[in-house]
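Okay, so here's the structure we're looking at.
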Amino acid sequence: MTTVESIVDRSVTQKLETMLLIRTFEEKSAELKAAGHSPSMCTSVGQEASAVGVISALDERDLILTNHRSAGHLLARGADPNRVMAEIHGKATGYCGGKSGSLHISVKEIGVILTSTIVGGELSLATGVGLSLQMLEMQGIATVFFGDGAATEGIFHESVNLAAVWDLPVLYVCENNQWQAYVHRKETMRIDHISEWGARYGIRTATVDGNDVEAVAAAARDAVAYIRETGKPFLLETYTYRLRGHMEPDDQAYVDKEELSRWRSKDPITALERKLVTDGVLTATELAAMKETVRKKVEAAAQFAITSPYPTLDQLTAGVYA
Amino acid sequence: MTTNMITPDQAMVDGLAEEMRRDPRVITFGEGTATKHYELVEEFGRKRVRNTPLAEGIIAGTAAGAAATGLRPVVDLLFAPFLTFAMEELVNSAGKLRFISGGQFSFPMVAIARTGAGWAVGGQHNHNIESWFVHSPGIKVVMPSTAADFKGLMKSAIRDENPVMFFADIGLLHTPGEVPEGDNVVPIGKAALRREGSDVSLISYGKTVGKCLEAANLLLAEGISAEVIDLRSLKPLDEAGVLSSVLKTGRAVVVHEASGICGVGAEVAAIIAEKAFSQLKAPVVRITGPDAPPAASYPLEQAFVPQPDRIAAAARRICA
Amino acid sequence: MTTVESIVDRSVTQKLETMLLIRTFEEKSAELKAAGHSPSMCTSVGQEASAVGVISALDERDLILTNHRSAGHLLARGADPNRVMAEIHGKATGYCGGKSGSLHISVKEIGVILTSTIVGGELSLATGVGLSLQMLEMQGIATVFFGDGAATEGIFHESVNLAAVWDLPVLYVCENNQWQAYVHRKETMRIDHISEWGARYGIRTATVDGNDVEAVAAAARDAVAYIRETGKPFLLETYTYRLRGHMEPDDQAYVDKEELSRWRSKDPITALERKLVTDGVLTATELAAMKETVRKKVEAAAQFAITSPYPTLDQLTAGVYA
Amino acid sequence: MTTNMITPDQAMVDGLAEEMRRDPRVITFGEGTATKHYELVEEFGRKRVRNTPLAEGIIAGTAAGAAATGLRPVVDLLFAPFLTFAMEELVNSAGKLRFISGGQFSFPMVAIARTGAGWAVGGQHNHNIESWFVHSPGIKVVMPSTAADFKGLMKSAIRDENPVMFFADIGLLHTPGEVPEGDNVVPIGKAALRREGSDVSLISYGKTVGKCLEAANLLLAEGISAEVIDLRSLKPLDEAGVLSSVLKTGRAVVVHEASGICGVGAEVAAIIAEKAFSQLKAPVVRITGPDAPPAASYPLEQAFVPQPDRIAAAARRICA
């Protein structure tokens, strides 16, 4: 069994490598989709710092809930790229045996559980996970990733309010990427920060630059420490941007060019690469080697997915009931 | 076996309390659960018996999330129409995530909802939507008609590894009935033969089981021997139980309070029409509530429910 | 047809008379229920100032949405007590022909529309009414009454947020009566005022003493003026208390005695009576006469309801479809 | 009549645009409606064509509230499983408040939802829950199978005074089909005879109509003449159309992609079993999707859908 601790190295170079892995993995997925190898899926290009920063602050005992835009969360937590890619392709070797496809991948063995592609679905389940952690005295915290769009669903209100009232150990992470499929966030709310909504439930909140992995990691560590100490929920907003479209393929014709290019210039990966090389933490050669390692992993994952078998037809009804 | 006279309402709570005693993972919450069942709070404490905010979606979602991670929640969602606020959590999460995740999670939870005529409070408190859940994969559905089954099915539902919808017919809740003492577990998936007969099978569940028994009495006076089957578990449906009765009688009247169209009775009739075809002596007839919301007005509410005379008339027609 | 203007006299004595009418009507309903004449229903005893104050600020063109606790809103708007009482009793002469019963009484002719007994149901419909008013240029505003409990339903979040984003002319009136059936408000939220939640949607809000009819009326007039001028929504919280139980009969055994008696001493009707008599606006004789008038009206309504026929059985399926 | 080759996806939009031209009260909104149909924004403006927040409940509720007060909203709720967030508004408000209010309000609105195999994105985007709405009073339900019907039923749905659920089968949306030019309105409540036959009636809707037509071809080669009925309107259901076919052929196979249990096919089979009993030469058989969430995996998703060979085999069996 893969363990979390065996995977999660919290150094900044490791963070960069994980971010590169996510980026490369998702760009490859999109390429394979374009080539007709898999159904459509969503990528988190531009949001890697949020996934890696938050997850670097978690322990093995913590549980994670995610949504349709999950590859970053999965890989940051140490999921096997082969099995994630195979699942995206609907293959029997995928984490869910091909039944999920890209949109609801859970990996119980590393604590990524109950993924839902219903926007808000993850929020509805997170309080229950928090309740189990609280009542069964399991120590861990429930971390739930959701979008700015999910925050406009009524279940957001119900979930955060219940966690507040019952003092549940839930870390709400809103990845505010400015888009909700084909609708700009500004068309859906009169506020700019989901943390403003969070605060109204009487819980602690923070907003952090979601494109700065170390800032995210620090904010997440503070939040996690607070939750472990008090048992109470916390809402952390990572303010970021969805650089690719909603679902592959997406020409982003509806996206304001100026806004897009402004955020492109804040790409969390290029920024970090530049910084680490400038600061002398990483040489250009080491960086190139890192990229090559990642590229190979992703190529292997693609091969694994493509060559894996589809599930057999007896799986049509297998496992509906316990 | 000793039995006591207990209302179905109390029988449900007794079943829940026994299971809470048996298994510390069983917890219960809902809008007013801790207020209305203060005796449970006293016995099991405020952590296991909770009031909630008024928010059915998160009540059901919390139950599902907790069920998948080690607890066994029983949630009270009050009246069936309020389930409309919890369909996402019940159907998309609790019902589907076991399959979708490739079997990684199970959802041992129970959701209670009241339904049916009895309170005369109208169509937003009374809507028999059990067939929605029967149609949805991954969920089990029960709807008892006797006090003993209210308790015994509650116990089974709590022990089941799957999400179980527990529909409580309001019209039955306050009439005491015999409940055996002790750990009496009624299996989910098994219909009950309430009365033996040879000419026609009256197949029903919930309060209309009683109406069928009354109809059977009316019919007996005319020399028609009616068998009465109480489905009590709507999913899984006891297909074998239904068929063995119809294969014997050759005639079936399917009865329920829910609207007919796409109701549980449609499924039962379709099964019979397919699998007992060659034995059938007459058309399979359904006697159900109309395709309308139940009105609050007392006489209209009562008229919504299939009554013994209508059931008997249908049986008479196909026995002629 | 009953018109609103023909009924709504906005003087303070008229307000008192309307409050007395509501109180007397509801106590009579409860009495009839106890005597087995009708099914169970909810009363708004203790909250009359909220209903009368808000509705006194509205015009004929305005539309009202209400919920399970609606008799006050209906009577304040000028509904015929006979027909409301008949509806509670499920009689053919009721406003909905007996199909509604007490819980979802609408009276289109006086603009009380789309009443829902699903908690939050009225909130889900109010935005649509606001949209019609906006798009069809009907001038009026949509006023929606809901409880503190309804505010914990997700649909509250969705409704207020949409009204804010689309600038809909909706007056949200939260009657914060401290109870949600058998659950105290404090068990359901970490805040004290629903207006705190309202404000985060970027809309104007206010909280007013819900037991002071003139204060409520003034706050409502300000809110209405703002909405008429800007076309934007407003959330007004009337802070009050449910003096009787949730639904008849209710022994209130679960209610904190001290809290109940504290609020009993703030009964909006006794306070107003005392004030008007002290201030010389009303003599004791006039007050007694007013009570007698009201009593007669209510007795007549009870008689009307009791002697009215039930709907005929053809109504079982009449009017399901247009 | 001139016809054009148009995808069902476009045909729906064309129908909507024509009705918007015809009636200024028709408006449309949804999550991305204004972005995806920018041509509608250009023609009708941002007031009548709107993007919304991501909140299905209030989208449906707003539609219901607006419909009752003078507008005729068409809302796009995207995929059928997302309807679970809008059940309260659709069922308790739009469906029931006409009756409950004693007829004071009507709800002329249309809610669109996509469903069925075709995208391979799994069970939270693909769940055929049309029978829930068929079971619910006050609502009409359509689910077309041809491009022409997508347009013609959209137009009827918009003109109807009742709430109409418009289910769009994803697997059909992008294959162009013939659409007559002009104001072609397809009545709600009328099934279409897609192929005449004399030995067996294949009764279906949505993408499985095409599978039935293929099955009919397979059967023809063996000398079995199959009639194919496309229900297209699931509520009201064209009972007369169904029965007249079955009274002629004496045999019925009911086919749909939705799970069988309590599905629309159960209702159709039950109606036949009751009303065509004496004419039936064989059991009424249902061929449907399994009682499971559809898997994302492409081959499993396809296998979920009744295929021509399975349909033909069932027909062969009852014609033997």
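Think of it as A, B, C and D in the order they're written, each chain with its own count starting at 1.
Everything that follows uses one rule, which is that a residue touches a chain if its C-beta (ideal position, glycine included) is under 8 Å from a C-beta of that chain, and two chains touch if they have at least 3 such contacts.
It should be emphasised that the depicted structure is a prediction, and the values quoted were computed from it without experimental measurement.
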Original post:
With chain centres set to the mean of the C-alpha atoms, which chain is at the far end from subunit B?
Top reply: A
Subject >> subunit B and subunit D, separation of their C-alpha mean positions in angstrom >> reply: 30
Original post:
What whole-number Å value describes the gap between the mean CA coordinates of subunit A and subunit C?
Top reply: 46
Original post:
Taking each chain's centre as the mean position of its Cα atoms, how many Å separate subunit A from subunit B?
Top reply: 41
Original post:
If you average the CA atoms of subunit A and of subunit D, how many Å lie between those two points?
Top reply: 36
Subject >> Touching two or more other chains - residues of subunit B >> reply: 52-53, 55, 57-58, 81, 84-85, 88, 92, 99-100, 122-124, 137-138, 291-293, 295
Subject >> Multi-partner residues of subunit A (each touching 2 or more other chains) >> reply: 97-100, 104, 116, 118, 120-121, 152-155, 158, 161, 165, 187-189, 320
Original post:
Which of line, ring, star, complete or other matches the graph of chains that touch?
Top reply: complete
**OP:** Sort out for me which residues of subunit D touch subunit C in the complex.
**Re:** 25, 27, 47-48, 50, 52-53, 55, 57-58, 60-71, 73, 88-89, 92-93, 97-106, 108, 137-138, 140, 161-162
Original post:
In their complex, what parts of subunit A are in touch with subunit B?
Top reply: 63, 65, 94-100, 104, 106, 108, 113-116, 118, 120-121, 123-133, 135-136, 138, 154-155, 158-159, 161-162, 165-166, 318-322
Subject >> In the complex with subunit D, residue positions of subunit A that touch it >> reply: 39-40, 90-92, 97-104, 116-121, 149-150, 152-155, 180-183, 187-189, 254, 310-311, 313, 315-317, 320
**OP:** Enumerate the contact residues on subunit D facing subunit B in the complex.
**Re:** 81, 83-85, 87-88, 91-92, 95-96, 99-100, 122-124, 127, 129, 131-132, 134-138, 235, 237, 258-259, 261-267, 269-270, 272-275, 277-278, 280, 282-286, 291-293, 295
Subject >> subunit C to subunit A touching residues, read off their complex >> reply: 152-158, 161, 164-165, 187-191, 196-197, 200-203
